[in-house]
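Below are structures written as structure tokens.
One chain, chain A, appears in both complexes that follow, with chain B as partner in the first and chain C in the second.
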Partner chain A sequence: MSAITGAGSARPGGLLERIAWHWRHDPKLELWLALAAMVLFYNLYGIVFFLVANAQPPPDPAWELPRVQQWFNDNHYGLPIGFGIIFIVTFLTAACNALIAYSMRRMSVSPAFAYAYFIIYSFSAIPGMLLTCIALVVGAMRPDRDPELILWLYDLAFMAFDGTMGVFLVGTTIWMVAILLDKNRVFPKWFAYLNLCNAMTEVVVAPAWLFTDGVFAWDGAITWWIDMIVFVVYTGCFITLLRQMILREDFGSGPLPELPAAQAATS
Partner chain B sequence: MWALVLFEGMLFTLYFAVYMVCRVQSPELFLDSQALLDPRWGVLNTLVMLTSSWSIARCVQASREGAYEQALRNLALTFFFGLVFVVLKVAEWSAEIRQGLTFTTNEFFSFYYFLTAIHFIHLLVGFAVLGIVAYQLRSPARRSQQIVETGATYWHLVDFLWVIIFALLYVMR
Partner chain C sequence: MPAGAPDSAMIRRLARPGPPEVCEIHYFVIILGAGRAAAGHDTAPQSRGPLRMDKTDGELILLWSVPGLLAIWGACFLLFPGFVQPMSPALTADEVAAFYRDPDNLARIRYSMILFNWFSVGLVPILALIAMHMRRMAHRTPILSYSFLGCVAGAPTLFLLANLFWLLAAYRPERDPALIQMFNDMAWVTFTSQVGFLVGQGVFLALAIYLDRQARPVFRPWVGHFNLAVAAALLPAAFVGLGLEYEALAWNGLLAFWVKNLAIAAWIAVMGLVLGQAIYTRRRAEAGLTA
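This part shows the complex of A and B:
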């Protein structure tokens, strides 16, 4: 059943005028802003972690103290600047989680799925990002700190980032089950299976706690590189599918209508 | 479900590729370590998995013909063989750990425990899938053939992965 709260006036032609029109009249404005926040966040995340802070791909877990100290010195500015940006934009993750939770509220499944996901992922930012950022910034800020503490901060940062995937695993599984049970066709079933694939990669990081070299270390082929490939594909897919969900959204409670063929081809 | 077969197939292909690269780099270590595995466990587990695939295929066939009681019996058989696999695998792991062969013993055994454990997790998920198939078959109000066949496809995937893991870890010299 459809219940679109449409806007009455026609859309003007110029770009700024269209933006103003959407700001005033578009019933999906909050959804588009949440999606924009998601795109912005993941782009900033990639740029900061990979380029500015140089924290990904992760450095070698087998490094001895002098080499670790050198790494902190080499990234003395990149770490606080990059993660300073992350501290500022962390609030965008709330919008990301809200949009995904919204997708589950639009499904025919219990609201418990959406709320459970939202709660779990609200906590996930701590071990999955913020703890790493804090530990590395602390390590970079005072190079004269006790060397053993520097090493400890280094280990804490990367073990927190690469070795704590439990919350993400549970959240991904919740989303997967919701999609499989959903009768409103919010997402295609193949995306639920991609969630399972992603969940599996979040299990295989566990050996990072045991190894400092080889494929199971925190920078290893299995625990990082393959996981990162899967994660990038997964993230690209869910951003695309969330966009399609917003385009299809009719604010009803039944199955989402499919996009018209022409719009689907260009979306 | 074919999307899952594709995704998991690609993921495991990457894991197998990493295994092969590491094996090429340390051939003697891998060969010597492989010799410490008892192939009889592997053969037995393979036979059990193949038999479970046979029984789930019979379940699907019976379901297609509308013989739902027979389908449920074959499903129960599949579940039973899955449990046998679980017991055998845990027994094998226990025996190996008692011999001092653990996850951190060397690179081969890291891969051995990793691949068999990740397969084991897929098997446990498979029990949930079989449960969903059973739920479908039990009531005339449900009995979605699509769900039955989807569940069977997943079980065949688990079997297929085990056959490759068996070949890589136990057989390939």
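This part shows the complex of A and C:
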């Protein structure tokens, strides 16, 4: 995996030996472990939400009651198994947030940026993801529950997921401002504007609170599809850029050195 | 100048350059001097006598909150009728409503959950102390202690959510039984399944201990192994949604209730002892250096 390659030169050959070498000698091990946690989390998140729980792309908010019940019944096992995995691996987000906070500590800006981002993102998982999963697990548990209550759990789940906006809006903006102000060249400036794109998705998602059908509903072309594409591109970019940051890290406090082309090619 | 504040000449005298320990001592003198001035004594710097007293950084107060907290949590646990004989998820809506409508149960549910609400964040100071010890480890970055702190914030918030649903279910027991059952389901699923941040605390602390490569590590390696074992014991509870199909995973089941909650209790007790040992060892070492 990419997260444990990249540092040092006297590494032994086999995969297990290389892992053991990194464990014992790699000065950037803490950073690589956090990046590995990030890669692992987003992979598991994608697999579980899209394939196991079948909760993404989201079902239709305009469905009639029997269809909603049918959806819960179809995913009677997928929801509790998939979200059981999510409940456990949620802690990996703490390492993701810590790594991003670290990227801001490495910048020339005040540590307040790192702390603000870290605190906002630390609790964002609860309304933005865990409450969704809890409501869907409870909904799937009793197929014989009053259909009106099943619908209430359905709305709670998907509106908590889409409707938790401010934490991501403000959190992403903090990262953007830090990157724009930074003189240590931790991230390229274009990534700051990609942060802005991600922040804007949290603005265009707001009409999901007003519509149960159409492009602005929680499964709509704008509210879900465009936002998800931006999010995937954004996540792919920051994972790649954080990897670059770790490769360039010199544990100093001045500008981050550029990556020598030769070292980049061998890593 | 407010009464009791050290005068500016004194501050200038004390603010001369010196090694960090000396600056810290000066700080203590200023505090002590201010205290004495308030009590009607003179404001001149005191002799070195009071400086030899034990450092009052409050860590011991936080540490000794653990037995008190365990006693309170134990009492809440015994007071809540849903824990003493854990409720089955197989109860019908009417049976769940009857549980909340029983006058004996209702008072105990409300009072135990109010107590839990008051003290559910009570472990946070201890976890913050552990994070402080992680910062003392021989790491190159603060990433592991940040990660640990991220988990510290999450776990009690989720417990409070479960607590809220239990209190809501008990708030109007005359409500439609289907609604009481749903609140009860939300409470139990949230309480039981939200082990992720607790698993994270164990994993991040274990990693931090393993990577604390110095002659005298803050915690010994077995503390890391213990944390991983506790984290593993918590995993099955995340699958409580399958409780109606698999008894052990039910919220009153062997794995999801007994193993999980006993593992948490064991973690608090063992980490309380280990933390106490680390704090007292360090204080003794510092006292030996300054004597």
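Definition applied: the second predicted complex is superposed on the first by the 249 of 267 C-alpha atoms of A that agree within 3 Å, B and C clash if a C-alpha of one lies under 4 Å from a C-alpha of the other, contacts with A are read in each partner's own complex, and residues count from 1 in each chain.
As a working rule, a residue touches a chain if its C-beta (ideal position, glycine included) is under 8 Å from a C-beta of that chain, and two chains touch if they have at least 3 such contacts.
Computed from a predicted model, the values in this text were never measured in an experiment.
Enquirer: So, A:Leu79: does it touch chain B (first), chain C (second), both, or neither?
Expert: After superposing on A, A:Leu79 lies in contact with chain C but is clear of chain B.
Enquirer: Check the contacts made with chain A and report whether chain B or chain C touches more of its residues.
Expert: Partner touching more chain A residues in the overlay: C.
Enquirer: Looking at the overlay, does A:Lys189 come into contact with chain B only (first), chain C only (second), both, or neither?
Expert: In the superposition, A:Lys189 contacts chain B only.
Enquirer: Once the shared chain is lined up, is A:Ile222 touching chain B (first), chain C (second), both, or neither of them?
Expert: first
Enquirer: Considering only the touch criterion stated at the top, classify A:Arg67 as touching first (chain B), second (chain C), both, or neither.
Expert: Neither partner.
Enquirer: By the touch definition at the top of the document, which applies to A:Val138: first (chain B), second (chain C), both, or neither?
Expert: second
Enquirer: Can you check the complex and tell me which residues of chain B touch chain A?
Expert: It is residues 1, 3-4, 7-8, 11, 14-15, 18, 22, 103-104, 107, 110, 114, 118, 121-122, 125 of chain B that touch chain A.
Enquirer: What does chain C use to touch chain A in their complex?
Expert: Touch list, chain C to chain A: 89, 139-144, 146-151, 153-154, 157-158, 161, 178-179, 181-182, 185-186, 189-190, 193-197, 199-201, 203-204, 207, 211, 235, 238-244.
Enquirer: Where on chain A is chain B touching in the complex?
Expert: 189-190, 193-194, 196-197, 200-201, 203-204, 207, 210-211, 214-216, 221-222, 226, 229-230
Enquirer: How about chain A: which of its residues touch chain C in the complex?
Expert: Where chain A meets chain C, its residues are 27-31, 33-34, 77, 79-81, 83-85, 87-95, 97-99, 101-102, 105, 118-119, 122-123, 125-126, 130-131, 134-135, 137-138, 140-142, 145-146, 149, 152-153, 251.
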